[in-house]
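Below, subunit A partners subunit B and then partners subunit C, in two separate complexes.
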Partner chain A sequence: MATPAAFERQTKVVPYVLQKSQTVDNVLPPQRRWHAVEIFQTVIVQEEKPETLSDFFDFHPVVSPTIVPAKLKKIPRPSLIARSFEPHARKEILELLAARISEVRQTLGQPGVATAVARLRADLKKGYEVASLRDDMANFASAISLLQDYCYMHWSKMSADQLTRLENTLILMRKKSEVSPKDITRIAAVLREQGRSLDYPSTVQLYLDDEESSDEGKDKDGED
Partner chain B sequence: MKSPQTKAKTKTAKTSAPLSYLDTSVLRQLRFGHPEQKKALIASIPAPHYVSTYVLMEFIRGVILYYIELYFESAETRHPSFADACTFSTETFSNRDLKTLLGLIISLMQEQGFDPANPANKETCRRKLQDHIFSVAEELFSLYRNVGIAEEACSKLRKHLARKELEERDDHMLEFSEAFKNDKTCRSLCSVDALLKANEYRNSYQCVIDKGLAAGSTPTTKKLAAALKERIDSPDDTTCTRCSKIGDVIIAVNCPHNFQIHTLDTSFSTVAPCFSREVQIHPSTKALLKM
Partner chain C sequence: MPSADSSSVKTIFRVDYKPTLDFYDKLNSSAQLLADTYKNWQTDRLRVVLKDFPNRCSLTIAHANFFFTQDSLNSSENEKSRIDEVIKVLPKALGKDVNARVGLRRKYLIAVEMDYKDLHQLVSSKLLNANPELTESIYPWAQDFHLVFSAPDAGFRGLTLGPISQEQLPQFLEPDESNFEVGDITLLTGKWFEGYPRTAIYVDCDYAKTNIKSDKLLDFYTEARENHKILVENVQHYLLGID
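So, the complex of A and B:
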């Protein structure tokens, strides 16, 4: 007769999941049933190690293999290569945004301008969501974010000319084979310059001397 | 290469008005202020706008670093949505201005059609915040010109926050934040103690202390004067935290003589004259909207 300590040392807890139409009675042999505890559908089997078995052997109760019922998964729908290949996906979004900007420009001063702006805003959001979820489109997502920020701050002040320039910045991105962080910095600078010209009554006020300011720009770059 | 001061002299010869040197308060209002305040500041501060490295550092410390913290905090699974992370940060940050900043980022996202309260949008909102951090940092270094004077030689900005590829962005932000927050290294590289000991500014410092501690001065000026007195008495014990309390004095020291300080901070009405600097104190948003 095994002592409690010896019993603890010699037993092993093995979870056993009962299949449909199985019960503790018809799965486990009678000598093991008294050890079985049923918790929902899991049966914990505590089996005493036979004295004849060596300590070197792993000790498992005899269990039948788990049968997982086969389940048909949804087959993914075939996607267009235009949407999965980054330059094509980017071009598609850019074309849509350019069309929206053009729509805003055409409706400036007309009752439909608010609707056009709402459409542009919604498409910018959709474009950002699509691009930000893809790692290969992260830089493009940053570019859309810049456009969103620019429109958020300045759209009410934008003229037809400003919108044309905004459209032109999109063309820059459409032609690229890939958008790098440097391209984003460049686009940010273009948008900032446009934003500044909207904020300040005259760009002459920004640079006291054109020649000097261009020299300064170089100097600053050199310092950096 | 011409020094910024030489360039400034050339410009002063052409224009009679002093050049504009912005304090951190103006910088913040120009970026995050009320539209009326922005309009008023743009109309009254002649461009181009100059700043010092110390001002840039103060802006980053007060804005960008908190945004970086929020970005990493929002990644935690205990915040189901981005708005939850913002609420958590609002409750942790004691500074009133920072609460405003967090409110601004939420309203910016909502205005652009995102829903920060929706857990499904959490990652998009985080990416948006990341883009915002890089945009603000980039704007800061390109929109303003540096006067090129840093008497205290603040070393917190020895690393720049520049746009990177997606996989490098998180590490880059962490690296930037770590370098900025490492007060021990930063303090070992700067020379604020030498600036506080300099004979050249001794009378100016005394003037700030005397005027600031005099009866009738504002509580902010009194606080500044007391902190400056403490620093003058023991300049070697200056830490980055202690230095931040005399920020207005350092900003005034770094202002070239042919420039005018533009600020919203009333303590400059005491500090600027002591350093023989011109100052224009702009009205606060509250005062402006009452007009």
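So, the complex of A and C:
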């Protein structure tokens, strides 16, 4: 049997409040009574609470919340309810791209612009990957591709106004029920029109091949 | 855009009242008043079930309640005419002036064209916390979820909301076997659901009130339909409205 000293080393002493009918014998199961004596030597006996009061309500005061009758409010009706996934995914990507372009616009002329452009490029790439994997987003993938080419070539020369126009083009696409080939042509024309003011021979060719594109990227990085 | 009514796939209209012994004397005669509408019936002497198999609906009259159930698509008009008739006939025939609880519960499927995986992603983004820790740390195995709201004292006592695929429909729609002939019950193992949407947003809501006088039942039903309409349209606009 453990000595009191050994017991104290092994056991954490917990204050215990004896209730009216409790004794050492009936509180603990028989197999633990051997050390009950030691436990109850350290018991702090406190004045008993009135029977009507439960311990539970010391910590959980009774509250009776007022129930306020509520009426359903109609949610403002959107212009378009989209039941297929494509418009939702397109909206998400366009919102992200618009936010990135806005970020580029706000950081123009500041050291942070390189980071903003890197983010825009990364998200353009990510958006293109998502869109190109789905048949119903093929047109949208083409639109991102046009935007990718345009941004790779012109981002360092674009003014805040041009970036705003680009952002607006994206917002228009967000509200459409679907992106048709006509929309792609329209976006290409808008970009070409913007490109013209930047001395870009866009009426002849809109795309860059890989080699030129990577050179262009290096040049721009060098400019920074 | 489909209306809320056309998205309804199951209806339960239930009226609870205080049981009284004189109910059993009135049971069969009350049920007989509706025999023209419901061509089939079944009884165990303690209750009567009136059945209309072609329209997949039935009416059960018991000592403490009567309830109408319907399991079919695009049946809003049929539901309205049946419930109107029941409200006009039964409380009077059974001698019930006050009803302890009245409820209109409907299950809706708002059909979508997207794959289940996409729908799940979309609905999760609208209904769940965007914090990835929720799904990564709490239950990373989840392939499906439903959100359940409860308000025992409000108009809508409960609302269940979530994406659903055709395979899950038998589990959630729980068609009432009283609405099917014995030979048709095998349909419920799967064939019955072939005409249902492949993927949809599932809405299950119960609008109820207590202590309604029998002469106000029709008003309650109209109010309940209106509230259901607003709720389902709001769900549709919240989850699918992209702007």
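What to note about this one:
Keep in mind that, in the parts below, the second predicted complex is superposed on the first by the 115 of 224 C-alpha atoms of A that agree within 3 Å, B and C clash if a C-alpha of one lies under 4 Å from a C-alpha of the other, contacts with A are read in each partner's own complex, and residues count from 1 in each chain.
Basically, contacts are C-beta pairs under 8 Å (C-beta built on N, C-alpha and C of every residue); 3 or more make two chains touch, one makes a residue touch a chain.
Predicted model only: the values in this text are computed from it and were never measured.
By the document's definition of touching, of the two partners only subunit B reaches A:Leu124; subunit C does not. Once chain A of one complex is fitted onto chain A of the other, the partner contacts of A:Gln148 are limited to subunit B, with no touch recorded for subunit C. Look at A:Pro181: by the touch rule set out above, it reaches subunit B but stays clear of subunit C.
Contacts of A:Ala189 after superposition on the shared chain: subunit B is touched, whereas subunit C is not. More residues of subunit A are touched by B (comparison of subunit B with subunit C). Judged by the touch definition given at the top, the superposed model places A:Asn139 against subunit B, while subunit C stays out of reach. In the superposed model, A:Thr115 lies in contact with neither subunit B nor subunit C.
The intersection of subunit A residues touching subunit B with those touching subunit C, taken from the two complexes, is empty.
Of all residues in subunit A, only 121-122, 124-125, 128-129, 132-133, 135, 138-139, 141-142, 145-146, 148-149, 152, 180-182, 184-185, 188-189, 192, 196, 199-200, 205-209, 212-213, 215-216, 219-220, 222, 224 touch subunit B in the complex they form.
If you check the complex, the residues on subunit C that touch subunit A are 1, 111-115, 118-119, 122, 153-155, 227, 230-231, 233-234, 236-238, 240-243.
Across the complex, subunit C is touched by residues 67, 69-70, 72, 74-85, 87-89, 91, 174-175 of subunit A.
Within the complex, the subunit B residues that touch subunit A are 1-2, 7, 10-11, 14-15, 38, 42, 46-48, 108, 111-114, 123-124, 127-128, 131-132, 134-135, 138-139, 142-143, 145-146, 160, 162-167.
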